[in-house]
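Once you scroll down, you'll see the structures, which are given as structure tokens.
Common to both upcoming complexes is subunit A, partnered first by subunit B, then by subunit C.
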Partner chain A sequence: MIGRIRQKIWMTKPTRSVGGDLLVLLLIGAAAAYSALPLVYSISNAFKPPNELFLWPPQFFVRNPTLANFYDLLVLMSSSWIPFSRYLVNTLVITLGGTAGHVIIASLAAYALAKHDFPGSKFMFSLVVLSLMFAKQVTAIPKYLITSVLGLVDTHWAIILPAWCMSLGLFLMKQFIEAMIHDALLESARIEGASEWTIFWRIVMPNVRPGWLTLIILSFQALWGETGGQFIYSEQLKTLPNALSQIVSAGIARAGVAAAVGVITMILPITVFVINQSKVIDTMGASGIK
Partner chain B sequence: MKRLSLSQQRSLTGYLFTLPFIIGFILFFLAPFIQSVIFSLNHLRIVAGGYELIYNHFENFKHALYVDTQFLPTFTQTVLNMITDVPAIIFFSFFAALLLNQKFRGRLLARSIFFLPVILSSGVIAGLEAADYMSNLMREQATNATSFLAGPTLTAFLLQMKIPRELLLYVISVVDRIPEIIRASGIQILIFLAGLQSISPSLYEAARVEGASPWQTMWMITIPVLSPTILANVVYSIIDSFLAPTNALVTYIRTTAFGGAGFGIGTAMGVMYFAAVSVVLAIVVGVLSRHVVYQD
Partner chain C sequence: MAVLPERQMGARTGFQPEGRLAQFWKRVKQNKVSYLFVAPYGLLFFLFTVLPVGVAVVLSFTDYNMLQPPQWVGWKNYLRLFLADDVFLIAVKNTFVFAVITGPVSYLASFVFAWLINDLRPKIRAVLTLLLYAPSIAGSLYLIWTIIFSGDAYGLINSRLLYLGIIKDPIQFLTDPKWMMGVVIIVVLWMSLGTSFLAFIAGLQGIDSSLYEAAAVDGIRNRWQELFFITLPQMRGYLMFGAIMAITNSFAAAEQIIPLVGFPSTDYAGHTIVAHLVDYGSVRFEMGMASSIAVILFFAMVTVQRVVQRLLNMIGT
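Let's look at the complex of A and B:
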């Protein structure tokens, strides 16, 4: 309790002059404004009627807000060949399945590589780092050939399985585990008779929580925008981004609908980000070591 | 069964834990990569029922280096852009993360705002922007405007001062690219935040009891404890800068491989690019990792 009060004093004690505070606020405010303005603009665009949408010079805020763009989008969705919810479910399956598998598999491997020195572990890790550097455009054709040999073409697995084994997650998790987990903590758990599996789930994962929460956002973000164009051909298996890009591919005639689509596709990633970040506990419990 | 020694047991655990990753990694990354290297050494011809490879003595590499007029200039430009951007991105995201990690009202909102560029510049939304008629008009207008902050007069004025010329030119080029730098910093800020949140408060408490000033605390605690995260972020930024789908060279390789001179030449370019990126990364990691402090 005393520790907490002391910590609170420490945290709120002013460490800068008022001028310094203002300067920092100004800098961060300017950067934040730059980041937020495109969002405000595209939301405002989604509510613009056509005559405002094509006004030159463009107006930042909408004057006569209308829901017509969203209504048009709904009409287009309901007239699509496949029920629209199907596309949403497909994308959710890919995003959630891919993210969950990626985080677990990458963390397992990262724990082994960070805290177990076994023959070949160094080599394995250098290989992973090297693979981070390869532009995926170049491996596109061989990757397709292998997916086809495995019989995964035109299934969601063609996207989910490679997502599980992306090296970025392993790399980040290894850095986090190395930075956050003391060997002494693992030793004491072993002395208490915990199995490696228990150590992983009960000690390593809770302690690197900020790490995997970050990885969830990264993975979600990447998979949410996945069109699956190379691998998925059946209409009933296609993803939401694919369907939405078909809707807006009509170009200028659907500019309003496109603005509405933009807002709708942004909602979920932003929500996930906000929920996820509010779950990060501010100060981790020092991993039990003093 | 013979009982395994302790170190054998530990190795076995290591292999078991990495196994799921390794299987997928070999299937979806290593095998395609090796196949790509083979493609880059051969002439690829589509025949009935598949393709055939004819070994052609590094012809693809020679073509990319000596015949293609755009490859090398784009290549050097990409490397130069990376060298200017990455330090700026690291500094910006580090300080942004330090500020966003402090306790203040609306912190979650502030964090979300800094992450917005990542959401806005990905997938469908980026495609929407590229296709939008009005955005294209605006982009056209914007290219006619002078650069972001440092216009030609200001640059000339600054160059007359007694400041090292190279340093000044670097600062000006960074100032010119501030929008790109903020746009590219979203994930780095997040990684730094995760690192900062894992620093034990008892370390700060101890430092405070010993009478350390906030400035000293920053250099003696925050930066050393955060050093593995800094390394991770530098690696991430370099890769992000080299492999972003918007990167000029990546776009060029893609058009070469799938539209222009053929897949063989495209993969040859890709392999050379990979080698160059690896060398850059190896140097950077080699220099930085000497200063990284791990907890063990």
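Let's look at the complex of A and C:
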């Protein structure tokens, strides 16, 4: 009986004692509860009517769930003088454009740094890694000046272009390419006369799928939350997080709406995450055949 | 690529028709394709990262209030930080305490949980990955903790404790220096299964399963041996990545701390190095001082990273 349950839980044959197994599951369960409970609480808050939000002692779960907070949010959004869909489109342009460019440009560079040995390759990689350790708050002003010299202030490019060269993507993709692509595979392709461009698209990218799927999640999330406040002034170019933060900043009277905003902004990143993770797991099955 | 043998051949015969510079140039030309691959990234990276960092480093030796042109002052900012700024030393101490706890714990947790759930059946694994990673996706939802730990009677924890009669007055979790750091650490650890956790999961799934089969034939007996002789060495690149993420997140923390404990926090009990930097940069408009803090923090992180790299290089040897 216990053996059958364990078989349903684990992929591999259990080499642990039953007690050890329980301990591991308990540990995972505790961590999952720690992660999930505050989120459950904030989702529950989003569905609370005002009298429950200010009830004492506050209840963890909602008793009479209502969509009033979401409805209020909808009313507030439709009363803004720029249609709210515009903010959503702006954020989507930044998120999708930034993520696509970042994944491609960073992977191109990561492939060369991981698999080609050329003068300056090591230097460039250490620059990228070291840059992660420089507090970004101080580089904000020089970055603004450069953006303005390039004439990008008050355009979406001010956010998209720097997103393309985030250090994270190059670092991550280089580690993935080094670990997942064997030199022998590249050599045989070169002997058959494939160009580096072909090798990159036909061999490298398909084989590091878990890598770029992960990078898509990370980049999507970072850009989805981007307010762009310091670069974008025109109302019709502003981002969704920026517009929503204006709604929420009205204070205690909007406590319910703020909870609804938090829940709504999470929906898309979580959807992207779920789709991508299922593909990361698919890849594992496929790589077994190779 | 096929560059090295050629150069070695020349060295062996002692035949050197060209100067070093010419040889270097030849290597550059031979690797034209590689440079084309890194060019788009390199160009943007130079513009948006290298250049701003360079400017900030230069500014760290100046007095710059963002209105008048910067004035060169040499090491003055650095001396002032260490000799005449008590709050900076408090910030260093706080950052150190915070980093020593959250850095290793988040790093180990990211690996241990990625490793443990990797053996689970795909469906269970997918659900758990989502649950464990959700706090990192949630964005500003972490502010729910300010309600949970709120210092008035409506705080979730305070209300329970009051209701049960355990305490008479609500505990000021977010403003009492005694509690502040502990609460901040709880919240930051809540979000700690982030970037590295995902990288570890993908990395573990990329390990060739034939390695484990071969190892079983070679006499690897238990899970621990498997971990130390196969998994960890295979994961070395990702482990280095995770270590750097853990270092940068724990040393440069401020973004999540400031909204929790306020700015400045009571008695500076939640004041970190980056919070101090923000204080100079955005409140006092002393960009020179802010930049010198960034430079000091940078060298601190690089030092820690070197040590961690040494430790990681010992894996599997």
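Operating definition for what follows: the second predicted complex is superposed on the first by the 268 of 290 C-alpha atoms of A that agree within 3 Å, B and C clash if a C-alpha of one lies under 4 Å from a C-alpha of the other, contacts with A are read in each partner's own complex, and residues count from 1 in each chain.
Keep this in mind: contacts are C-beta pairs under 8 Å (C-beta built on N, C-alpha and C of every residue); 3 or more make two chains touch, one makes a residue touch a chain.
What you see is a predicted model, and the numbers here were worked out from it, not measured in a lab.
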Side-by-side fit of subunit B and subunit C on subunit A, or clash: clash
Subunit B versus subunit C as contact partner of A:183, first or second or both or neither: first
Partner chain(s) touched by A:39 [first = subunit B, second = subunit C, both, neither]: both
Which superposed partner A:85 touches (first subunit B, second subunit C, both, neither): neither
Touching partner for A:270 - first (subunit B), second (subunit C), both, neither: both
Subunit B versus subunit C as contact partner of A:226, first or second or both or neither: first
Partner chain in contact with A:60 - subunit B first, subunit C second, else both or neither: second
Subunit B and subunit C contact sites that coincide on subunit A, given as residue numbers: 10-12, 15, 24, 28, 31-32, 34-36, 38-39, 42, 54, 56, 58, 105-106, 108-109, 111-113, 116-119, 121, 124, 127-135, 137-143, 145-146, 150, 161-162, 164-165, 167-168, 170-172, 175-176, 178-180, 196, 200, 210-211, 213-214, 217-218, 221, 224-225, 262, 265-266, 269-270, 273-274, 277-278, 280-281, 283-284, 287
Footprint of subunit C on subunit A - complex, ascending: 8-12, 15-16, 24, 27-28, 31-32, 34-36, 38-39, 41-42, 45, 54, 56-58, 60, 105-106, 108-109, 111-113, 116-119, 121, 124, 127-135, 137-143, 145-146, 150, 161-162, 164-165, 167-168, 170-172, 174-176, 178-180, 196, 200, 210-211, 213-214, 217-218, 221, 224-225, 262, 265-266, 269-270, 273-274, 277-278, 280-281, 283-284, 287-288
Contact footprint of subunit A on subunit B as seen in their complex: 10-11, 13-18, 20-25, 27-33, 35-36, 39, 92, 96, 99, 102-103, 108, 110-120, 122-125, 127-129, 131-134, 137-138, 179, 182-183, 186-187, 190-191, 193-195, 197-205, 208, 214, 225-226, 228-229, 231-232, 235-236, 239, 242-243, 250, 253-254, 257-258, 263, 266-267, 270-271, 273-274, 277-278, 281, 285, 294-296
Footprint of subunit A on subunit C - complex, ascending: 1, 3-4, 24, 27-28, 31, 33-35, 37-38, 40-42, 44-45, 47-53, 55-56, 59, 66, 109, 113, 116-117, 119-122, 124-126, 128-145, 147-148, 153-154, 156, 159-160, 162-163, 190, 193, 195, 198-199, 201-203, 205-206, 208-209, 222-223, 234-235, 237-238, 240-241, 244-245, 247-248, 251-252, 254, 274, 277-278, 281-282, 287, 290-291, 293-294, 297-298, 301-302, 305
Touching residues on subunit A, where the partner in the complex is subunit B: 3, 6-7, 10-12, 15, 24, 28, 31-32, 34-36, 38-39, 42, 53-54, 56, 58, 105-106, 108-109, 111-113, 116-119, 121, 124, 127-143, 145-146, 150, 161-162, 164-165, 167-168, 170-172, 175-176, 178-183, 196, 200, 207-208, 210-211, 213-214, 217-218, 221-222, 224-227, 241, 244-245, 248-249, 251-252, 255, 258-259, 261-262, 265-266, 269-270, 273-274, 277-278, 280-287, 289-290
